[in-house]
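Next, two complexes with chain A in common: one pairs it with chain B, the other with chain C.
Moving on, here comes the complex of A and B:
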């Protein structure tokens, strides 16, 4: 495979990995698939692109505010949608997931209404590009990889080294037991949603420069993160990134070898295989008794 | 974790996704209301949320400009024109139903301002209801192919005309090996055989044909396959927007010395120019319909600039929308009213030598019982190039289509 494709694989892996890390945090902290993460990434990116192109905001400011908004919307989803349903249904998961999927489409339409239904150019923080061995690497791609590694490293440290991180794992393992032990479950869940939203916002802002962002980008972005976490599993903080690398490599290699028509078949085959044979992913959680 | 419900959630996800899709906009109605008895109602199928939404708004602006102008001048036989709309989101399954809804709301004429595939899907309603239907910007000749074409018209030139122009231009430039990159939406896939067929018939060998998913995040693999095939010319076919930008960025990076051609989409979508990397469109040849030497185009551009607002940039879509209304006006004037739909269809077929506001200055549109494509030759097309500023620049010096 040409070097340029390996660069694409790395770039796609980091993008999907960041969204998958958001999935990971909400799954560990709230035992829920946060399907609205793709639209949150889209919303943050569209906000930034809109403010830069229409209102002349500095790129860095627009990106930071976009990430804060994505995080805020994620918290709002928890407070206004998931938590009331969670309470009313006694913690049953399926109603919450249906509500989250509804939030997904709501965010898409809201972004279309606020920022327009035409694609907006992503706002690049680093516009330079470099040629290495005949392959072109954009500064934005380097930034994406750096931020991705920092985010995974930071979350890994936070989960093990901070009290809130350890509480998040406890809540995810058994919410009722955690509550009995006095852990502030609601606060921990909110932290999980806030961090997941911020990670999605960062991913969207950094990736949108590739070809722009539009209000319908969110669903596709949710799917890449979802598949990465399905393949990687929840046994390690790094598992979503491993899953993202596997999926990106497989998809890129398939298209390179067999053309685009095969990509969907291979993606569905991977999803099917993991759902059927290894539903907890490659890295599985181990419960100590 | 206490539970890990990946398998059980799949069904719920599917149900919720389906519900969400139903709620997300396809078929949404933005009508201003039903038709008034004293108005002549133009019912417009448009796309504000799907693949054609990248260009449909420009057409809408051109249509509205013509309607405003005609109304300000007293209307047609004393009646004002009124536009009502339905959004099909380029979902071809929605188009027939929405076309019927427009008719129920009083539409006298239908304007198909969505993808070609939508126009093909909706044309059965035109025939069944014996209503005049005009697709201002669509290129596919399949829209007006017999049988079942009695009431539907396009302006043209068609995709075949574009194929012929590309073939002649590429031959004259001496290209031998063609690679095609097309997005996977039905409208574009419908164009591929006509365009590529015309080019290969001219003796240019097709060495690669790659498909791009319309929601692709990365196209590096397809570009690498194209590069491996060693083409000396690449034709990109898309509805524009993100897909086109992704492909052009990647081609600019990985095949900087290979000449690129593209469809009208890229030339007519100012928003897409911003999505491309700096200088990524330089040298790209696209098939447009804007000739700076055509005085009628200049006249239209001035009117559009005066009107201002969103989508008021000069594009072929806007001009074609504008001309489509004037074509309908000519037919209405001859028919005397919109009440007799068969007569209105007949008078539309009598239009001859209409001088549109796009194409080269000698370009005309004529219709007939067996002529449902208006263009009288391929000089409705202009092969133009992009400059280093990612904006359309000079006409391509190598070749221009003639009538």
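Moving on, here comes the complex of A and C:
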């Protein structure tokens, strides 16, 4: 593979890793797969791109507001949709999945209606680019890698070191027991959704410069992140990143070798194989009794 | 505990309260012959639909679309509403049904009717495979892997031009039976009859021992396991049944339109498939059919484009989930209970599981 593609792999890994980290947080904190994270990333990115190209906002402002919106929408979907339905059905699974899938489609169509159905170009925060060994590295790519590592390090520390982080793990393990212990379950869940939404927003804003963003990007992004979690597992905070690297490598290599259409088949095949053979991913949570 | 699992207090068979003839007696009569009433009412609705479709030609397409979506929604009913396994690959199952008819008629030169059983078996087999892969995991994983399959299927239809004809799709030959080509009107009648038969069968299945186990599996899988029945296998069988019914709908759609195209089997199908049974009501398979009817009528009468349509449906599904989780039939049922209570009789049939 040419060097330039390796750089693509790194970018895609960091992007998928950030989305997957969002999934990880909601999975640990609320025991839910927040499928709507991809569309949240898309929504934030489209908002930013739209404001920069139509209203001439400074890029930094557009990115920050986009991230805040993504985080806010994530919290709103928890407060208005997921949580009430979760409570009414006594934690039954299907209504929550249906609600999240409905939010996913809602965000997609809302973005299409508000920001148009044509692809928008993402605007770079850092416009410089560097040539190393014949390959071009954009400043944006460096930013993405830095933010990704920072986010993973930060979340790893936060889950172990802070009180809220530890409560998050407790709530995800057993919500009822956590509530009995007096942990503010609703608040902790909200924090998980807010952080996941913000991570998705950042990922979307930084990655949109690579190939632009359309209202349908969201579902693709969700699936990439989903796959990273499946492959990586939930055993450690860094597991989603490892999964993301493997998925990014595999996808880039398939497209390079066999063309665009193979990407979706391979994506499906990888998910299927992992489900069948190693359903909890590479890194699994070990419980010692 | 959800509303649907609560049982009414057990009462002895009440006689008609003294001094209240007429309506109360009618209610009791209806209750005793609930099953016959269901058959008669739905048969009448089916006859109405056929009568409507006997008019101009476009009405036949309209009725077949209702039947297609009806079968799609009924296909969701067993795995999703009864068994609690959310599979999202219904665009693929529908597509497999249509493309099986197209391939068998254009490539092999057989009657496209052969595509019906082939599509059903193939869809059921895929559903079983996907179910087995995620058997030990929570529902989110089944939803995820079936969604991935739906996306991959869509790409496959567009990409493999030599097999599927690409974006243009492929023609489905007019089905033939004993050398006679079947007319459009006849296909429509068959479609309505299919929906009615599948609906009746599922309504019976729901009350049968198997149906009770499947529904129990959703709420208390431990009880099912403790009775010596595998909750996992029961769920997988339900997935296969649903996929086969969905594929049947796809075949019907393909044969009526005479063409199988990728755009008919996009991801919006997944969304409709989840939405229709919820909108209509979960207590009966007829809720799924009612949901399909409403969706088709709304899409046509309001002239909704696919895009804004999905936005409105997405908002509607959230509203239904939040405000009327029992769906339309649920609301009707509540009204019926209230009416019965005013007459002084219980509207429930207290014998057996409902």
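Following the convention adopted for this analysis, the second predicted complex is superposed on the first by the 284 of 289 C-alpha atoms of A that agree within 3 Å, B and C clash if a C-alpha of one lies under 4 Å from a C-alpha of the other, contacts with A are read in each partner's own complex, and residues count from 1 in each chain.
Everything that follows uses one rule, which is that a contact is a pair of C-beta atoms (placed from the backbone, for glycine too) under 8 Å apart; a residue touches a chain by one contact, two chains touch by 3 or more.
Fair warning: this is a prediction, and the values are worked out from it, not measured in the lab.
Chemist: In the superposed arrangement, does A:81 touch chain B (first), chain C (second), both or neither?
Modeler: In the superposed model, A:81 contacts chain C only, not chain B.
Chemist: After superposing on the shared chain, does chain C or chain B touch more chain A residues?
Modeler: Result: the larger residue contact count on chain A belongs to B.
Chemist: For A:90, decide between first (touching chain B), second (touching chain C), both and neither.
Modeler: second
Chemist: Just to be sure I read the superposition right, which of the two partners does A:113 touch: chain B = first, chain C = second, or both, or neither?
Modeler: A:113 contacts chain C only, not chain B.
Chemist: Can A:206 be said to touch chain B (first), chain C (second), both, or neither?
Modeler: Neither partner.
Chemist: Taking the superposition as given, does A:4 touch the first partner, chain B, the second, chain C, both, or neither?
Modeler: first
Chemist: In the superposed arrangement, which partner chain does A:190 touch: chain B (first), chain C (second), both, or neither?
Modeler: neither
Chemist: Kindly classify A:175 by the partners it touches after superposition: chain B alone (first), chain C alone (second), both, or neither?
Modeler: After superposing on A, A:175 lies in contact with chain B but is clear of chain C.
Chemist: Between chain B (first) and chain C (second), which, if any, makes contact with A:267: first, second, both or neither?
Modeler: It touches chain C, and chain B stays clear.
Chemist: Where on chain A do the contacts with chain B and the contacts with chain C coincide?
Modeler: 33, 35, 93-94, 97-98, 101-102, 105, 108-109, 112, 117, 230, 261, 275, 279
Chemist: So in the complex, which bits of chain A are touching chain B?
Modeler: 1-2, 4-5, 7-8, 11-12, 15, 27-28, 31, 33, 35, 53, 93-94, 97-98, 101-102, 104-105, 108-109, 112, 117-121, 127, 129, 136, 172-175, 207, 210-214, 216-217, 220-221, 224, 230, 234, 252-253, 255-256, 259-261, 263, 275, 279-280, 285
Chemist: Which bits of chain A are touching chain C when the two form their complex?
Modeler: Interface residues on the chain A side: 32-33, 35, 81, 84-85, 88-90, 92-95, 97-99, 101-103, 105-106, 108-110, 112-113, 117, 219, 223, 226-227, 230, 261, 264-265, 267-268, 271-272, 275-276, 279.
Chemist: Help me check something: in the complex, which residues belonging to chain B touch chain A?
Modeler: Residues 1-10, 12-13, 15-17, 19-21, 23-25, 48-49, 53-54, 57, 184, 210-213, 215, 217-218, 220-222, 224-225, 227, 241-243, 245-246, 249, 253-254, 271-272, 274-275, 278.
Chemist: Where on chain C does chain A make contact in their complex?
Modeler: Listed in rising order, the residues are 1-2, 80, 84, 86, 88, 130, 132-134, 136-141, 143-145, 147-149, 151-152, 155-156, 158-159, 218-219, 267, 271, 274, 278, 307-308, 310-311, 313-315, 317-318, 321-322, 325.
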